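Before I ask anything, here is the structure I am working with.
First chain written, first letter: the chains are A, B, C and D, and each begins at residue 1.
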Amino acid sequence: MLSLVELILVGLVLTNLVLLGTSRIGLCIRMVAFQGVGLALLPLLGLEALSPEPLVISGATALLKGWIFPLLLFRSLESAHVRAEVEPYVGYSNSLLFGVAALAVSVWLGGRVPVPGPGVPSLLTPVAFFTILVGLFVIVTRRKAVSQVVGYLVLENGIFAFGAVALRKAQLLVEMGILLDVFVAVFVMGIAIFRINREFDHIDADRLASLKE
Amino acid sequence: MILFACCLATFLLGALAALLPRSYRAASAIGAGASVLGCLLGLIPAARALVEPQGWALTLAWPPPFGLGSFAIDGVSAMFLVPALALIGLAAVYGRGYLADQEGRRRAGPPWFFYNILAAAITGVFTARDPLLLLLCWEAMALSSYFLICLEDADGAVRRAGRIYLVASNLGAAFLLVLCLLPGAAWPPVLGAADAGLASSLGGMTPVAIPAGAIFLLALVGFGSKAGLAPLGVWLPEAHPAAPSHVSAVLSGVMIKTGVYGILRVLLALPPQPWWGWTLLTLGGATAVLGVAGALGQSELKRLLAWSSMENAGLMLLGLGLGALGRAFDEPVVAALGFGAALVHMVNHGVFKSLLFLGAGSVLHATGERRMDRLGGVLGRMPVTGATFLAAALGICGLPPLGGFASELVLGLCALKGLLLPQPGLDIPSLAALAALILCAGMAAAAFSGAFGVVFLGAPRGETAQHAHESPRAMRAPMLILAALVPLLGILAPLVLRAALRALAPAIPGAEALGAPTVEALTTATLVFGLLFALLGGLLLLRRALLRGRDVRTGPTWDCGYAAPTARIQYTYSSFTQPLAEMFHALTGPTGVLTRPWGLFPARAGHVAESEDRMLNGFLALFGFIDAKLEALHRLQQGQVHVYVLYIAATLVALLAWGLW
Amino acid sequence: MPARWTILAPAAAGAAAFVIPDNRTRRGLLVGTAVAHLALTLYAFRAPSRAIFEGALLLDDPGRLFLLATSVLFIAAAFYSAGYLKREASGTRPDMVEGRLFSNSPEARFTGCLLLFLAAMSFVCLAQNLGLLWVGVEATTLASAPLVYFHRHHRSLEATWKYLLLCSVGIALALFGTYMLALSGGGEVSLGLPALMAAGPTLNPVLLKAAFVFLLVGYGTKMGLAPMHTWLPDVYSESPSVVALLSTSLLNVSFLAILRVRQVLCAAGQAQFGNDLLVFLGLTSMGWAAIFLLRQTDYKRLLAYSSVEHMGILAFGAGIGGAGMFGALLHLFAHGVAKGAMFLLAGNVLAAYMTKNVSGVRGLVRALPYSGPLWVAGVLALVGMPPFGAFVSELTILRSALAGGRYTLAGIFLLLLSVAFIGITTACLRMAQGNRAAAAAATPAEAAATAKPMREHWSAVLPPLALLACALLLGLFHPARLAEVMVSAARITGGF
Amino acid sequence: MSAAVDMNMLGGALLRMAAGLTLCPLLFGVINRVKALFAGRRGQPLLQTYYDLAKLLRKGAVYSGATSWAFGLGPAAGLACCLCALALAPLGGQPGLFSFEGDLFLFAGLYSLGRFLTATAALDTGSSFEGMGASREMQFAVPAELALILGFVALAQATGDYSLAGILGRLDLARWQACGPVLALTAAALFLVLLAETCRIPVDDPNTHLELTMVHEVMVLDHSGPDLAFIVYGQALKMWTLGAVLAGLVIPARGGEASSMLLGAVWGVAGIFGLAVVIGIVESSMARLRLLLVPRLLVGATALSGLALILLLR
């Protein structure tokens, strides 16, 4: 079933490019949701026998990444009555250009890093690197706090993809702990955005700069 | 050695005990009493180590982190320790009287706490036989002296002085840190000694051979900065005046000697090379001349004394430099006399300078006036202070028949012998040392005759000087004891020199025999001193006998018939020293700022006479520059979280590139 | 089996704290849990410990050490905050910087998060599985975020946001590194520390290096190594001093995480690479901190930057290896207690002077009869002056650097230490000296009023006093068992 | 104490001291006679200084109200120092009462002690004139002392001995033939020092009447009676002592054994009076230097001694 895995990975790349290109925050959130659903499938693929653990993990993943996180983000977006523009420092076309460059870099890096283990697509490492880079890029170049959370989620997705494909032997305990943490993180961030909006009447993270030096 | 342990214990316990009581008198009594008692306890073993030079050792099993703490006293330690303890004890007695009038303004505990810690630390520095222990004592000394300097911290100038001192001593200590932590480090530094420290016990590192020159340079900077070596001694003229006078006495009379002690230890332990001696001579001569030139340019009595401390530290370093050259060229006579001269001068300067500071303190205590040009005629109102100050001033100028002359004689003879020896490497350095010595003696005489004359003689220049009163007994007694020591050190100079040579004998074989002729010369000189005293007394008696029964009138100063001038018209210290200071203004900077009357209706004109401190200004400018440049880097953190994430990403990429390349 | 209870007890107490209505019982619970935790830790310190969850959790010697450090700091924090919460005014009040109105978040949440925070840190100390280690570290972040936002004004909110975002990003990178580390064994190795170390030589070096870089950057963000430290000054300056104190032990456990990873690196024979990175980041942090310590105007930020500097010292010592590792562990203790005391004292100063500006504070020694002298002592303990512990630890690190013949590094280390010394002492001692009247008062009458010393509550003075006593103890004398554990911990964490 | 072991030597030294004590006031008379001769006057009697001293010793004294005991200390101490210096100084190659290695430092030190106390005594009057004089005296002393010591050191280098008596005892014709120019330079330097120390023209004018230009005389303006006598006598002794040293340098007539001891002493005394004549000639042939030039003159003297040393060292 390697092909399906690779399909999902390619989808990951494409969604990333969309993320870089779009101007609507709503679309970004949906893209992240798509990524989440796709990633939720990964643990199931390439299994010899159907065991409960991967099922639980993928279920939880789909629930969180596909439904709850987008929900939270949309809520905080609504609560903050702001224009649903991304308002980047770096224009969309430039962002896409960066995307291409990042893709090249991550392919190069993936080439330097050997393929981890048998039965792992060689596409995995570059895609993971690429997703991480895109996530960081979004955090750095997008003004709104919400889009920074989006960036964080993209970063998280890249890492998750890497782990889910390459690391089949990880215990349930670990996985669940990780998911729980990410959930709480996003939850707390949502609350924080809510409060920021109430305190400042905006959620532009770049204007939170009273603490310096 | 039991006594020595008791001495240390007394200091430490006294320090803690002084903090306990609420009442001012009780605290100061406990604190001062502890220091005096500790000094007495410590003096006994120290003095014994002087007569039996093999000394003794005390090793107390100190649990980790310090491993074994081992103290030992040999002749050299004793030479430094005896005067140190004596001075600390006397200064403690004085200090109790000096601080008595601050009752109610502050608690007495802290000053005496730090004073006792300082005493213990100095004792430790002179006796430590283990690098880490030395470091511990050294830092403790620096800290406690810092807090003592900052006792009057309500005054901004004092805070500034304290800050300068703290920074300077920390930078100096950094070099000592390296010196004492070098692999295979021992104290006193013997190359290749086994390293019984944490590093070896844990890491099992193999000591690397360190070039002796590096060790010398580290010691020169580290100890030299404490000894007031130019240009590292910039803190000295700031810190010593800022401290309360009994502390200034200890700082100047004892603490700067720890630097001399350290350098001497290194020179005795390692085989010196000629360039060590030349370095020491150059720096020592520069320090001495710079110090005395600075002293000529001051307007406050205590600052003058501080600058003169720099001068005398320079003279001691001259002695060390000659000694180092003597060892390097294998001329034991020069070596013995050079180090001997440094030791003798160390003893003398300790006594004189502490006495001078005590005197200055008692004038300050009585008048509250620091500037000399506002004082005058104090001698009549403070006879004891004046007389003792005169004695110390004569001594510190190296005039016969006092101790100062003895050290000058030994140093001069050492240079003379170095000059006359058929050793091409020695003659020019010896000549330079000699010239510097004589030059400094002459200028010091000018400075101190002026200071004594302006402060104590003539007519009072202001209200404060008129209402001066003699200090209480607690302050007078130590001054009198020290003043008695001044001529005594002149008479006993041969003994002091012999003790110094005996202390040096282990490092310089046959030092005593080599120095014997000089001891002989000093003995003869004491005969001349006796003649001088006899003649002086005889002439004074003769004068009285002649004047008895004749008409002895008292009138105004004749002054070539210019009657009834105001007191302010008297020659001030700045005017007294101006011609001489002008000759050296290249070193000390302009000695005064003159605002001339100008125009048809001139506004007020005036002349401010005080020479700037070029070294300090240089350092301040440098530090300010660096500070500004670094502050420009504060732009790196402007609060945008985006940029911060970028930092993280950039670090990640950079390290990845480093790792995977 | 006490080790597991060091996690469960605070967790349970934290959960309870959210529901307990009464303030006094909750504070009692806080203090009681802290005492119990210290008792358990001390017991676990002596007893050999058993594995939990098939060896996923185990208290080895490094764990013991860090658990002790955490517990000591927490008990001080608990006692202090018991009084602090009592003194802290409730309801809306004007903020002292801009005068905007703000209020505290509910005390229940504060106490609860404190306890959960402790639980998370204990969890990290016990974790023997890199995955669980990650979970624990992330949990500490999340548990402490609400604490930062205790005073609900917008500066603390800004700090909270930065804290959340930066630490989450960093931690995410650490997660990626963790995966790569596991994969370096060809996908067959689990995340268990023993397993990884057993498989050490067979691990793929390239992946291993890449993994270490990710982990170092990630956990380094939490540990506050420059240039990832940027959240640290904001959080320290805007959160209550209790929280600042606890963040010190937060930095410590992040350091533990890095050490755990380095264990694997050493087992794989890649120690040199890791050490180089650690030395590099350590010196970078010290340099960065030194720059911001000079002319620093806010004394809480000053303390924060000094934390960055000390984290740099820890990294440097660990990277130097040999006795340097021992020195680093000792320094971890020495710095922890000293910095904790300084934060508590800074809280007292803030309460007395109502300003965080260095130039606004004068004459501490006269104004606060107990906190003032303690402040001076704390400064000395912080800059590594004898007879405090930091002196010994910095000495040890420097000595092992010299013994290794790395003179240049030692020189830079010493230089940066001196710069930091100048920066800290210049600001802090200036605060202690002089008299308050000159700085604060406008009229002579007011000066007379402010000149006389104020009264201080025991709960504000005793905890810092106790912490400084610990610092003094570390400088003069080490209990045998403690030294033993430190040495073996230094061995385990890959000193030599 | 190589000198005192032999009673004969001791007696000789005491006799030479006695000669100095009795004859020194005569020097002023000689100088004045020479100056009068040049000026074509008859001049004051040779023994004038003796008369002055006797008169002063018979007078009472007036003291300024501003002064303290430090004022009276000055003259007595100054005289005591001059007497001790006399006891150290060799005459005609014969050692003084005391002689030891490095006594040249003591020799110079005694004079600076006297100078110190005289200056403080001057400051004690509170008069700005006397302060001015004291300031100048201390200023000029710095280069003068340097020149004196370096000159002695040059002689020590030339003769290889550490004590005044030893140095001057070895300066015989052979030595002059060996290193004549060096000794000549040193002699010149020492002569300048002598002029400065005994405050003669061109450094200072003993009988000027313009206080602003005086150096030593203005310091002692307020002293009267016995004090003034002490000062005048001290000046005479100083001239005698320095003259004895200088004469010992320039007149290389030496007699080792007791028979020619007398010869050497006679040569020495003759030399001192010859020096007085020279001083008289100098004083009447040249004017007093401007004050600002005096330091340069003395630094020049230092340079001369230094040059002599360098010549020896190379």
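Just so we're on the same page, a residue touches a chain if its C-beta (ideal position, glycine included) is under 8 Å from a C-beta of that chain, and two chains touch if they have at least 3 such contacts.
Just so it is clear, the model here is predicted, and its values are computed rather than measured.
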item	value
Pair with more cross-chain C-beta pairs in contact, given A-B and B-D	B-D
Interchain centroid distance [CA atoms averaged], subunit A/subunit B, Å	69
Chain centre separation in whole Å, for subunit D relative to subunit B (CA means)	36
Where subunit C and subunit D are represented by their mean Cα positions, the distance between them in whole Å	79
Subunit A and subunit C: spacing of chain centres that average the CA atoms, whole Å	31
Two or more partner chains touched - positions in subunit C	161-162, 165, 169, 173, 206, 210, 233-234, 292
Subunit B: positions in contact with at least two other chains	634, 637, 639, 641, 645, 648, 656, 660
Contact pairs between chains, per stated definition	A-B, A-C, B-C, B-D
Residue ranges of subunit D touching subunit B (in the complex, touch as defined)	1, 57, 59-68, 70, 72-73, 75-77, 79-81, 83-84, 87-88, 98-103, 105-106, 108-110, 112-113, 115-116, 119-120, 122-132, 134-136, 138-139, 141-143, 145-146, 149-150, 153, 156-157, 160, 162, 211, 221-222, 225-227, 230, 295, 306, 309, 313
Subunit B-facing residues of subunit A, complex	89, 109, 112-113, 133, 136, 139-141, 148, 205-206, 208-213
For the subunit B and subunit C complex, residues of the former touching the latter	63-66, 132, 135-136, 139-140, 143, 150, 153-154, 156, 159, 162-163, 166-167, 170-171, 174, 177-178, 181-183, 195, 197-200, 202-205, 207-208, 627, 630-631, 633-634, 636-637, 639, 641, 644-645, 647-648, 650-652, 655-656, 658-660
In the complex, subunit A residues that touch subunit C	112-114, 116-118, 120, 128, 132, 136, 139, 145, 148, 152, 155-156, 158-159, 162-163, 166-171, 173-174, 177-178, 180-181, 184-185, 188-189, 192, 195-196, 199-200, 205, 208-211, 213
In the complex with subunit A, residue positions of subunit C that touch it	53, 56, 129, 131-132, 134-135, 138-139, 141-142, 145-146, 149, 152, 154-155, 157-162, 164-165, 168-169, 172-173, 175-176, 179-180, 182-184, 186-191, 204, 206-207, 210, 233-234, 237-238, 292, 301
